[in-house]
Structure formats: C-alpha cells, structure tokens
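Letters A, B, C and D name the chains as they come in the text, with residue numbers starting at 1 for each one.
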Amino acid sequence: MKKLINHPDAVVDEMVEGYVAAYPQYVAVLPTNKRALIGTHERTQGKVGVVIGGGSGHEPAFMGLIGKGMADGVPVGNIFASPPPHPIVEVTKAIHSGAGVIYMYGNYAGDCMNFDMAAELADLEEGIRVETVLVTDDIASASENEMHRRRGIAGGFLVFKTAGAAAERGYALDEVVRVTRKANDRLRTMGVALAPCRIPQTGQPSFTLEEGEMEIGLGIHGEPGIQRGLIATADETADILLDAIIQELRLVQGDRVVVLVNGLGSTTRMELLITYRRVDTRLKALEVEIARSYVGEYVTSLEMGGCSLSIMKLDDELEDLIQDAADTPMFVQMR
Amino acid sequence: MKKLINHPDAVVDEMVEGYVAAYPQYVAVLPTNKRALIGTHERTQGKVGVVIGGGSGHEPAFMGLIGKGMADGVPVGNIFASPPPHPIVEVTKAIHSGAGVIYMYGNYAGDCMNFDMAAELADLEEGIRVETVLVTDDIASASENEMHRRRGIAGGFLVFKTAGAAAERGYALDEVVRVTRKANDRLRTMGVALAPCRIPQTGQPSFTLEEGEMEIGLGIHGEPGIQRGLIATADETADILLDAIIQELRLVQGDRVVVLVNGLGSTTRMELLITYRRVDTRLKALEVEIARSYVGEYVTSLEMGGCSLSIMKLDDELEDLIQDAADTPMFVQMR
Amino acid sequence: MLTIAYTIDRDKDYLSELDRKTGDGDHGITMSLGWRAIKETMHDLPEEADCGTLCKTAGMKFLNAVGSSVGPLYATAFMRAGAAVNGKKFLTESDLLSFWTAFVNGIVERGQAVVGDKTMVDVWAPALDSLREHYALGNDVHACFRAAVSAGQAGMIATADMVSRKGRSSRLGDRSLSHQDPGAASAYLILSVFADMLETLNTKEGDLV
Amino acid sequence: MLTIAYTIDRDKDYLSELDRKTGDGDHGITMSLGWRAIKETMHDLPEEADCGTLCKTAGMKFLNAVGSSVGPLYATAFMRAGAAVNGKKFLTESDLLSFWTAFVNGIVERGQAVVGDKTMVDVWAPALDSLREHYALGNDVHACFRAAVSAGQAGMIATADMVSRKGRSSRLGDRSLSHQDPGAASAYLILSVFADMLETLNTKEGDLV
C-alpha cells in the first residue's frame, strides 16, 4: 500500500491542519477542540446554524463543505468513525446565531449516539435548540417499508445543499427541518464498488473482489455491498442503479429531478461521465426533466473504486434551493 | 482492470456525450465536429477568445474548464493524444469574437504540430489572428537553461486561469499573451507517482513500480519520471518537490505565491491535504506569503496515483487575475 | 486497565479483520485508540482518585478519543459504573457486582440492543446474568467471574450464527451470517482480561478498575 | 493500404508496449486508429479516384482520426506524396520514387527531426537514401525496395542506442536508452509491408497506394 502520509495514526489531524492552512479564507479550527471546524463566513443573527459531520475518509464530505450556503461547521471524526460529542458541541455553540441548529448526518449507530449526546449537551449547557435530520438515501441498505433504517450515503450532499440554502435564505428552524426532511424523502441512492479501499492504519483492503466481480449496493465505508455481481458495462451498471431508483421514486413523464453521479475515490471523471450519459439517455426517454446534474466526487470512501447514482425528485421549492449559490473550499456553485 | 466503460474505443466519444448532457447550462458540442466543445456563456464582442486543449484522460482539464473566466472552447483529443486540427479550427471559428484567439496547451510535439496547423488554417480561412502560449512548467523535464523544451503539466491550470481572467476583463490579445507568458514564466511544477494508470484500450499499466518505490518527476501521460526513488513520507515527498521549486523560483521572504497541490487521479484529498500541510509550513518558515491555494484534482492522468506541486510567484497583476471569479462545470471560484 | 489496553492493542488487527467482514474494518483501531486514551488517563490521575472519578474520566477519555459506535456505548458504561461505585477507593465483592451491573446496563440503555442482535450485548448480557446468578448462590468471587467469562464466550461464539439487527452490519442482511461480531469479540477480551486480573490480585481490587 | 492497416492492427499491442517504455503507451492504438480510418476511406472513394486525391484524402482521414504526434507527420507525408503523383491513376517506377521522396520529406519538414533524434526519421531517412541510391544505379525496382527495407530496419534497430531528442520521450534523457522507438518500429512495418505488396503485384502499382 502506497499512501502519501506521514504516520497512520496522524492522518486525520494532519489532514485537518493542511485543510485549515489551505483555506483560511473559508475555515478555522476552534481553540477548544482541534477537530471542531467552523466557517469564517458571515452568519447573520437569526440564521439557523447548519452542522454536518461524520467520520473522515469521505472528503469533500463533510469538512470540505463548510461555507456560505452549505454548512456553518463540521466536527471531524476519525476515519470512518463518528466524531465524539465534544467537537460537535463546541461547533454547535460557536456557530449558533440565536435561531437553533440543524444536525445532518448519515444514519449510522455511531453518529446517532454521538450527535444525540451532543444535542442534549448543547441544550443543557446553553439552551440551544437542536433538530436532527438523518440522511437515509441508500436503497440497498433496507427495504422500502423500513426506510428509517436505511443508511445515508452520497445523496447526503443534496440534503446538505438543500438545508444550507434554506438556512441562508433565512428559513426558521422548523422550516429548514421540514424542507430538509422533504429533500431526504424524495432522494434515493444506490452504488457499486469495483475496488476496495484501505484504512491507513490496517493497510488491508476492505474486501476482496475476484477479477470480473463487483459489489452492488455497497456502503461508503468499505462495507461489503448487499450482493456481488458480475462486472458489467457502464451502461448495464447504470441500468441496475437506475431501475431501482426509478421504481422507488415512481418517476414518470413530466417529473423534474436532480441527478448526482458520485465517484467513490479512484474512479475517473471519464467513467463517471460515461455512466452519466446512460442515466441521461434513460431519463430523457422517460421524459423526466433533469433540472441540474452533479458528476464528480462529493462523498468518497478513501480510494475506493466505483460510483453511486442519486436522484432527487424535485418540487418547485426544492429546485429553487438546489439552484442557490454555495461557496465552500471543495464545492462552489453560482446561481 | 475494472473500469466503468462500455467499449475501450468509445470512451472519449461517450465521455464527451455524457459531459455535454450533464452540463447543458455550460457547454455545447459544435455540429461540425463532435470533438469541438464551446461554452454557452456570453462572449462580448471584442473579447479575446480562449482555447485550451490536449488529449483526454486529464479531466477536469481541459474540457471541464469551459466557462466564464476560463476557456471559451476546447477541442478534445483521444486519450493522451493531441486533437487534430479540424476540431481546433472549428472551435476557433465558433468562439472568435473579433479580437483574436489565444491557444494554450502543454508543450508536446503532437499538440504543437496540430495546434500550429489549426492556427494556420484559422488565419487562412477566416483571417483570425491566433497567438499561442505553451505551458512549460515541469521542472523535471529539461534543465533550467533549456526551459523552452520543458513539457506542460498540472500548472497549466494556473496559466489558463490567468488568461481566462485577463480575456474576461477585456485585455487585448497582445496583453492577454503578455500576462499569460508571465504566468508561465513564474510557474514551476514537479510531481511524483505512486501508481501507474492504464489506458482503457491496452489495459496495461503505464509503468511498474516495485513495492516501496516511487517515480519522481513523472509526466501526466503515464510517462515514466526522470528518476526512481524510495517511497518517502508525505513530508519528505513534499520537500523533494519544494526544494526544486523554491530553488528555481528563488523564493525569498516577502514573495507572494499561489500554490497548487494536484492529485493525479486516485490519490485521496486526505493525502493531498497532508502534503499541502508540509508545503504551507515550509513556505511560512521562509516568510513567503500564500495568496491562494488549490488542493484537489485539476489535471489528472487517468487513475494514476501521486501528486504534483505547482507554485507561481505572483506580482500584483497576476494575483488580481488569479483571484477573479470563474464558472465552469468542473471549476468554480467566486471572487 | 493497563492490561486490557495492552491486550486490545495486541489483538487490534484481529478485531479490525472481523470488522472488515461485516463492517468498516476499524473496530480494532477504535478500541485500541480508546483504551490507549484510558491508559494515559490512569497515568495522569492523582494517586488518591476514587473509583467513581476514575471511571468517569476513563469514560470521557475513551469517548473523545474515538467517537464511533463503541465510544458512546463504553463511555455510558463507564459513567454508570462510576456512579455506582462513587466515592470508593476500594471495591468490595458486592461493589464489583454493582459496578458490572451498571456497566452493562449503560451499554444496553445507550445502544438499545437486545440479545440476538449480533452486538457486544450478546456477550455482556449473558455474562452479567451468569455473574448475578453465581453471586446469588453465594459462590466464590473468582468462580463467579469465571462463570461470567464462559457465558460471555458462548455469547460471542453465538454471534456468528446471528443476522445483525444493530449497527453497521445490520444493512448486510444474510451476508452478516457466519462472521463473529467484532464488538462481541472485543467485549469478551475485556471481560476475560478483567477476570484474569482478579485472579492474580486478592485484596486491593480497587486498583483494578 | 489495407494490408498495412491489417499489419498495424495486428502489431498494435507491441507498438504500444514500446511506447510505454519511453512515452505514453498509445502508439499502437494511434497508428491502428489512423490506418483503420484510411481503410474506410479506401472503401468510400469512387473507383476512378487518382492517386493524388487518394493520398490527400488518406492523409486528412488519418490526421482527423488521431491527432497526436504521428497524425500531422503522416498527414503531411500523404499530402506531399499526393501532390507528387497528382492526377495519376497508375504509378510508374519513377513515380514511386517521387512519391516516397515527397512522403519522407513531408515528415521531416513537419517534425524537424534529424537522423539520430530517435524518431521514425531514423527509419524513413536511411530508407529513402538507399532507395535513391539503388534507383540511381538503375537496379530493379523490387531490389531497390528490398534495399530500402533493410536500411530502414537497420535504422530502427539503431534507435535503441539513441537518447531521444524529439517528441515525448525526449524528456526522459538517458532513461530512453536501450528501448527502440515506437514510431520507428511502426515506420519499418509500413515500409516493409509496402515492399512486400510490391513484390506480389507487377503491373497495377497504382492500386497499391
């Protein structure tokens, strides 16, 4: 395993140091906790605070998305491990502007427990009202009638984008929560992996695939998928993902959507665009309108190979929020 | 080799199709040549046209950088192969707004011959004045007294950024050329590779490294580097690159620079940020001021592993241009 | 405590390996980071600290070093256990029972897992049951713990035949079958090292925790 | 032409392999794409097209299929060669000499490489010299081309001992040593297939090109 690192135990701290050094115009680390990052952008009094977070190894998520129109702060966990309550609470206090705070993260046992503890503490210590929206976009992780048990993967980016825009527009906390829940409800994701990742500390591949095999419905932590399949062409792969999503979202003629083809780490833009091409052709054949597309790396899994497809079914409110500007170190969008 | 593709011979065409489908708000393909892409952004009469290009496999470069403040058009070549004159000429004609056109690309025999032929044709057929600035940032590719023989690698991004901003501000062609040459003159890059890439059609690794080895001074086409070294920590690697660059640029206290740590394809942002951290520490120790940093993938080499470091020594004019806004599918910056 | 930290550190690759089968492959790293943090706490605390303070500090250190799933679980365990033995410098045999009862209840309360969910609870719950049972029979404390360890071991082994219903591995469905749960494996390690230590020490049990 | 296309296609992996040693590993792909494009041109052109038109079309097709370094080089070669035999439907022996002279000069003019730079010119230049020499001696045309092929082959082999001074490999410095130049290898293939074809055909040489 060849990685550009210094010591496996130091990767997260050094990454955060490098990040803050590279983007001082965007982010700062809190003096109280070296894993507590907040944006240097202006937060008008009365703006709902937006906190997203989770383990490291998913960059640009989560810490890369701090800035105007996205997150106000991010507590940073170890690789693939939820941050503990302390940095979460510190971030919460630092970015709170009097209108409450929304927490968003993927639905994992660890994140739920740590963020819940933090929310309790923020209320207890400073009376800050915190609401939580769990990202549960991964179709493969539980059946449709157990939607609340699904885990959150790359589609989280679109949920964060929605909440960030709503907060920036001055929505009240309940309203931010409402529209963010709606975004999550109308969002589905499914992914495939072609190559595993390696956590620096163990150096071991997260799984081994035979030549010609792929994992279908994988997680973004190197977890195995729900099923192993023979390797398919980009078009066939896109079809597997699309079929599942189209069916659950019940997409029909006239629907408007936003599409996200997310690379997991080592898959080239070339491959992602070839995959997108098929998605586009199929949706156009269904006469579904694509309001906006994102093709690139948004939520990675270290250097895993493969991609996921996310589709959010829009209404006018969601579409408007998704189109809003955002300005962060790893994601910038003009309106 | 596992890639998300349909057929090796179709990758470039399908990538371009997917790209144009994903970003209709930014780009369109010309009816005269399926490899000729132009931006849909407004080009005011009298604005210098900006054309960049080269082979595929470097995404986001070159085609990802079409838009306001960057390139007006991009002819797309096969993987690692210069585009032929026809798409170059077509792009040139389509984006010409009466003030001439600047061509920028890496200094490779193939690109030089094809773009020169295109420039001749554009003049012959439509009397369009074309000027060329070759990117020659790679320290490793020739000695300091043969600077003009150096090849262009990741630093090209900063050269394009400069020219795009100057053209957008309404500089005349000669002025755009002057400032772009200055950007290239004050720019140095050097890279290391930890893992090879594979061209889809051959499926063969571009080179083989023993466990524990890295290539120093590699190209962005899977070409071997100038030298093979033992694998080092991120800090040691950064030092190798930095030492060479600091020496050539004669960086001293009070100088202002822009820094680009570019990932070659499969190297994670975590590693790039850890590498950046060292660059930052060293430059700060020298009391060199970093006006802006870019850490991420700007010019890749398919899924190669490794990174390059580019530093441009600024003057007021360059700094101002680098800070200008840009809006393209794969690179957006607010001022 | 130091021995637990040492054992976890030694076996961390094995624990991560188990986690790769059904989870994200970091369990060994996380546990070892957590216990290393506890180890540092032990060094930093004043000699005269009582068990309550000691446990609460250990819990917070563990938590803030790792986050993750096990962070809140073991942190809550330590907090509750610390409260149960608050103010004491030495633990009697009955203190030990209160300690472990609170410890395990803390885990269950935080994680809401029940036996059969393929988690560490499949070790801790039967171990606690067995401990209470043997205490009730008035058995020798060492025998009680030996019984708890074998109940825990049986629970750990049984996780291999369970389909996960909690935590990361619960998304795998049947693919989680025939792999032991990593959290159960580390729980068993902690429990058995504790019991071993108890055997070697006779009086100053307070030092153990 | 079709045979050249076929041979290049067959040997493309070998050519790419040579290119991986000192360049970007695509030479076989590029050459095979280029010659495939020429092959298609041959099918599309009307029966009565003369050699000039044929060559110019071939050159443009080759160029626009590949771009790259070899695109402009061979396109220029074909354009110049086409101009040299413009309007002719059948080529005489002296036409053949004009054809190849123009072809090789086109490459040199476009690429500005000289013998010793480790490029295709190390095949084409000695081959042309040898061809002219044997023509001047009044030798049989087949013998002339056999001589040219062996001169080209010697040139190709010699590239292994050269340090590259043109093209992508020129950045490698001494690391380009002891690898044959891929462009020289494909040039030799083209030349030798041409000569072979000439042997099998006696009269209608015009069909060859």
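What we mean here is this: contacts are C-beta pairs under 8 Å (C-beta built on N, C-alpha and C of every residue); 3 or more make two chains touch, one makes a residue touch a chain.
Please read all numbers here as calculations on a predicted model, not as lab measurements.
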item	value
Furthest chain, CA centroid comparison against chain B	C
Distance from chain B to chain A - Cα centre to Cα centre, in angstrom	28
Between chain C and chain D, centroid-to-centroid distance (C-alpha), Å	75
Rounded Å distance, chain A centre to chain C centre (Cα mean)	32
Overall pattern in which the protein chains touch one another (line/ring/star/complete/other)	line
Every chain pair in contact, whichever chains are involved	A-B, A-C, B-D
Of all residues in chain A, those that touch chain B in their complex	2-7, 11-12, 14-15, 17-19, 21-23, 25, 56-57, 59-60, 64, 194-195, 209, 212, 214, 231, 233-235, 237, 259, 261, 265-277, 280-281, 292-293, 295-297, 300, 302-303, 305-307, 325, 327, 330, 332-334
Interfacial residue positions of chain B with respect to chain D in the complex	55, 77-86, 108-110, 113-114, 117, 138, 140-142, 149-151, 199, 201-202, 204, 206-207, 219, 221-224, 226
Chain A partner contacts - residues on chain C that touch it in the complex	13, 16-17, 20-26, 28-30, 33, 63-73, 110-111, 166-173, 175
